[in-house]
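Listed below are the structures to be examined.
Two complexes come next, and they have one chain in common, chain A, joined by chain B in the first and chain C in the second.
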Partner chain A sequence: MATISHFLLLFVGAALINNILLTRFIGLCSFFGISNSMNTAMGMSAAVIFVMMMASTTTWLVWKFLLFPLNLGEFLYIPAFILIIAALVQFVEMYLRKYSPALYRAMGIYLPLITTNCAVLAAATEVAKPGFFKMAMAYNYTLGEALVYALGVSVGYGFALLTFTALRERLDIAPVPRVLKGNPMSFITAGLLSLAYVGLAGWFGL
Partner chain B sequence: MLLTVLKAMAALASLGVIAASMLALASWKFHVEVDPRVEAVASALPGANCGACGNPSCFAVAEAIVEGAMPVTACVAGGKSVAESIAALMGSGSCDIVAVVSVRHCGGGTAAARSYEYGGVQSCNAVSRLAGGALVCPAGCFGYGDCVCACPFDAMALDERGLPVIDIAKCTGCGICVRECPRGPIGLLQLVADDAPIAVRCNAHNKVKERKASCSACCIACKKCEKECPADAIHVIDMLAVVDYDKCTGCGTCVRVCPQNCIDLYAGASSGTHADGAGKDALAEPVAAGASVEG
Partner chain C sequence: MKEWLKVFRAGLSIDNPLTVLMIGLCATLAVSSQVEGSLFMGIAVIFVLVMSNALISVLRKLIPSQVRIPIFIVIIASFVTVVDLFLKAFFPPIYAVLGIWIPLIVVNCIILGRAEAFAYHNRVWLSIADGLGMGIGFSLVLVGLAFIREFFGSGKIELLGATVLKMPTGYAPPTILMMFPGAFILFGFVVAFVRWLNERPTNRKAA
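Coming up: the complex of A and B.
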C-alpha cells in the first residue's frame, strides 16, 4: 500500500479535494481574520504548516501509545489533544526564540495564536483517531501517512488562504458596488472560491 | 466504571505533568537574556496595549525602541512626557513631538435626517455597510459610538444628542477612534494639536442645499466667519469652513458670528468648558478656565 502514488493521493486529497477551509469549513475565523494582506497571510500559512506537522506527530504518538491502549480515546481525545497542542506551541516558541530568532520574528504573533486554531486540532485529531470524519479517507493512519496527511491539510490551508488574500487585495482597489464593499464582497468571494473547490470532489476517487 | 475514571484522570494528569515539566525545562534551558532597558522602557510606557503605534503590545514597542527599530517618540498615546522619559532611558537627546487630541467634525446627531429606519446591529461600522448608512448626510456621525467603545483611555462618551464628546483631559491623541470611525481618516474624527482653540462641527462636502435639507446644524458656507475673522485664519474651502490653526488666535469671533452654531471653542480655548453647538453661550458666560470636558 505504501507506494508513492498512495502518498501522493493522500496529499492531494487532504490539500485540494477535502480542503480544510473551503470544502470542510474548519478554521474560518483565521481565513477571514488575517486575509487582509499578503505578508500576514504568508506568516500564518508558514506557522500553520509548521505547527500542524508537529502537533499531528505528537497526537499520533499519544493516541497510539497512551489513549488507545488504555481505551480512553473516545471521550478523552479533545482535552488531551488541546493540552498537547498548547504545550507544544509554547515549547516551539521558546525553542525558536533561543535558536532561530529570525524565524521567531517572521512567525511573530501567529505562532501563539495558532494554539487555539480549530484547523490544527482537527488535523491532529484526524491523523490519530480513526473515523473521526466519516469520509472515504478516514482510516487508521501509519505515522508516515499521518505526516503526509498533516502536510497536505496545512498546505491546502496555506494555498486557500493565499488565494483568498490575493483576491481580497485586488478587490480593495476594484470598482465594487457601494453596498457590497468590504465584508459582503469578501463573503461572496469566499463562497465562489468554495464552490470551485467543491467542484473537485470525486476526483481520483477521493 | 470507576477504573475508567481513574485511568482517565491518571492519563490526563500524566500528560499535564509531562507537558508542564517539559515547559519548565524549556524555559530554563532556552532562557533568553532580555535587555534590562526593555523592562525600563516598558514600564515608562502607558501599558494600555492600545496598538495605536502599530505594535500588538506595549512590550513589543519597548523591544522595538531598544533595538532602534522605532524612535523614542513611537508611543502615540503617551505624548511628550512618555517620549521624554524614554529618551532619558535610552540616552538620546530631546524629542520634538506635538501633543494631539481627537476632534469631532459633526454637530448633527439627532438634528440630522435619516434615510431609513435601521434596526440592525447597533454599530456605526455595521450601519455604514448597509447602503452607505442610515443618514442622509454623507459625512455625519451615525451615533452608535464605535469610537466610544474603541477608546482605550475612556475619554469619549455619547451625549444626549447621540454624538461622541471627547474628554480632552483624558484624550491622548492615540487616533484609535479616528481609525474606528467608518467616516474615514480625514472626515468626522480628526487629530489636531492639543492647543487648537476652534473646532468646526461639520465636514460635509456635498451641495449646501442638500446639506441644509438633511441637517439643521451644518455649515451653510455663508462666509460670515471668514469675513469677521481678525486673524484671517478661517476660510470657506469647498463650501465648508476650515480653520488654519497656524494663524488662529482663539479669539472666538467666528464662534460668535456663526448663524448655525456649528463653530465651537475647543481644547486650547481659554474659556474652558462649553456645550458644543452652543458656542455663543459659552463665550457670553465663560466657565472657569482649566476645566476641560468638551460639552
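Coming up: the complex of A and C.
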C-alpha cells in the first residue's frame, strides 16, 4: 500500500504539480509550435509519452552501468544522453515505418522533432543523473520510479498541450485587439493557464 | 565586408530569434527572472552559437547530409559541455542559479536552427557574423526581459552580490512578475510591442 501511494504521489507530482511545460518552462518551443490543431497536438503527445518512457529507461541504464561506474558521467552526460535520444528516435522511426505503418502515419512526422524537444532530454537526465533539477535535493531514482516519473512528466506534457490547443482553437474566433492577435495573445493565455498550475503548488507537500 | 555586417544586423532586428522567429523560448522565460543569470546565459549562448556555427561551417563540405543532424548535435553538445564545466568550476553561484538550463542549451532551437539554416550553407566568416548577431539579439531581449522582471518584480537589481539599482522604499513589488505566469504575460506584451514597432512605418503611410 505504501508503495502504491508513493508511486501515485510521484506521478501526480510529475504530471500536475511540477508540470514540465507550465511550471518549469521546459519544452515550450513545441508547445507554441504545435498547438495549432487538435490532431497534431494529439500525435505529438502520444509520440512524447512513447519516446520519453524509452529514453528515460535507456539513460537510466546507461548511467547506472556505464557512465557512473567508469567515472565519465560528469563531463560526458550531455553528449551521451542527447545521442541516446537521437539514436532512439531514429530507431523508433525505422521500426514504426516497417512494422506499423498506421502508427507511423499518425506520429511519424513528430518523431524527428522530439530529438530537439528539451522536455525529453530534461526528464531523461533527471531520472538518470541525481540532482539534475534541484542540486540541493539529489534523489536516486530506482528503475520503477524512473518509469513512473517519465510517464507522469509526459502525461502532464500531453495534458497541458491539449488544454492549450483547445483554448487556442477558441481564441481564433475571439475578438482580440489587432496587435495582440496570434502569438502575443497565445503567450498571455499560456500565462493564465500557468497561473492555474501555480495554484496547485504545495499540494501533498510536493 | 558589407555582406557580413548585413548578416550580423539581421540577427539583431528583422530576424531576431526571440521576438520575431519565436525560437529558443524555454530558456528565455525561465532564466529571465534575474539580470545576473540572464547575462551569463546570454554569454554562454553567444559562445556556443559562434563556435558551433564556425566549426560546422568549416566542416560543411565533409558532413554528409543524411547524418548531418546527429553530427550537429554532437558538435553543439561538446561546446555546451565546455561551458557547463567552465561555469561549474569558476562561477559556482551562477551555475546554481542557471542549473539545468546550461545542459539544455544543447536542444535550444536557436543553435541547431542556425546550424541547419545558415552555417551548413555559408562561408566561415559569414557564419561567425550570423552567430554573433543571433546570439547578441537573443541576449539583448533576454537581459531586457530580465531587467523588467527583476526591477519591477522585486524592487531591486543585484549583480554579483551587490545591489546596483533600487526602487524607492514603500514600493510594493507585484511578485507575479517574478513567477512563471508573469513571464508568459510580459513576453506576450513584449512581442506585441515589437510587432507594433515593426508595423508602424506602414501604418503611417496608410494614414
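The rule is short, and it goes like this: the second predicted complex is superposed on the first by the 200 of 206 C-alpha atoms of A that agree within 3 Å, B and C clash if a C-alpha of one lies under 4 Å from a C-alpha of the other, contacts with A are read in each partner's own complex, and residues count from 1 in each chain.
Here is the rule we use: a residue touches a chain if its C-beta (ideal position, glycine included) is under 8 Å from a C-beta of that chain, and two chains touch if they have at least 3 such contacts.
Nothing here was measured: the structure is a model prediction, and the numbers come from that model.
Judged by the touch definition given at the top, the superposed model places A:66 against chain B, while chain C stays out of reach.
When the two complexes are overlaid on their common chain A, residue A:13 makes contact with neither chain B nor chain C. Touched residues of chain A were counted for both chain B and chain C, and C has more of them.
In the superposition on chain A, A:152 makes contact with neither chain B nor chain C.
In the superposition on chain A, contact is made by A:23 with chain C only, not with chain B. When the two structures are aligned on the shared chain, A:95 is found in touch with chain B, with no touch to chain C. By the touch criterion stated above, A:115 is placed in contact with chain C alone, chain B being left untouched. By the document's definition of touching, both partners, chain B and chain C, reach A:83.
After overlaying the two complexes on the shared chain, residue contacts for A:179 are found with chain B and with chain C alike.
With both structures placed on the common chain, the touch criterion links A:75 to chain B and to chain C.
Common to the chain B-facing and chain C-facing surfaces of chain A are residues 75-76, 79, 83, 86-87, 179, 183-184. Interface residues of chain A, counted against chain B in their complex, comprise 62, 66-67, 70-72, 75-76, 79-80, 83-84, 86-87, 90-91, 94-95, 97-99, 109, 178-179, 181-184. Taken together, the chain C residues at the contact with chain A in this complex read 22-27, 29-30, 69-70, 73-74, 77-78, 80-81, 84-85, 96, 99-100, 103-104, 106-109, 112, 179-185, 187-189, 191-192, 195-196, 199.
Residue ranges of chain B in contact with chain A, taken from their complex: 4, 7-8, 11-12, 15-16, 19-20, 22-23, 26-27, 29-32, 56, 129-132.
Note for the complex: chain A touches chain C at residues 22-29, 32-33, 74-79, 82-83, 86-87, 112, 115-118, 121-122, 125, 132-135, 179-180, 183-188, 190-192, 194-195, 197-198.
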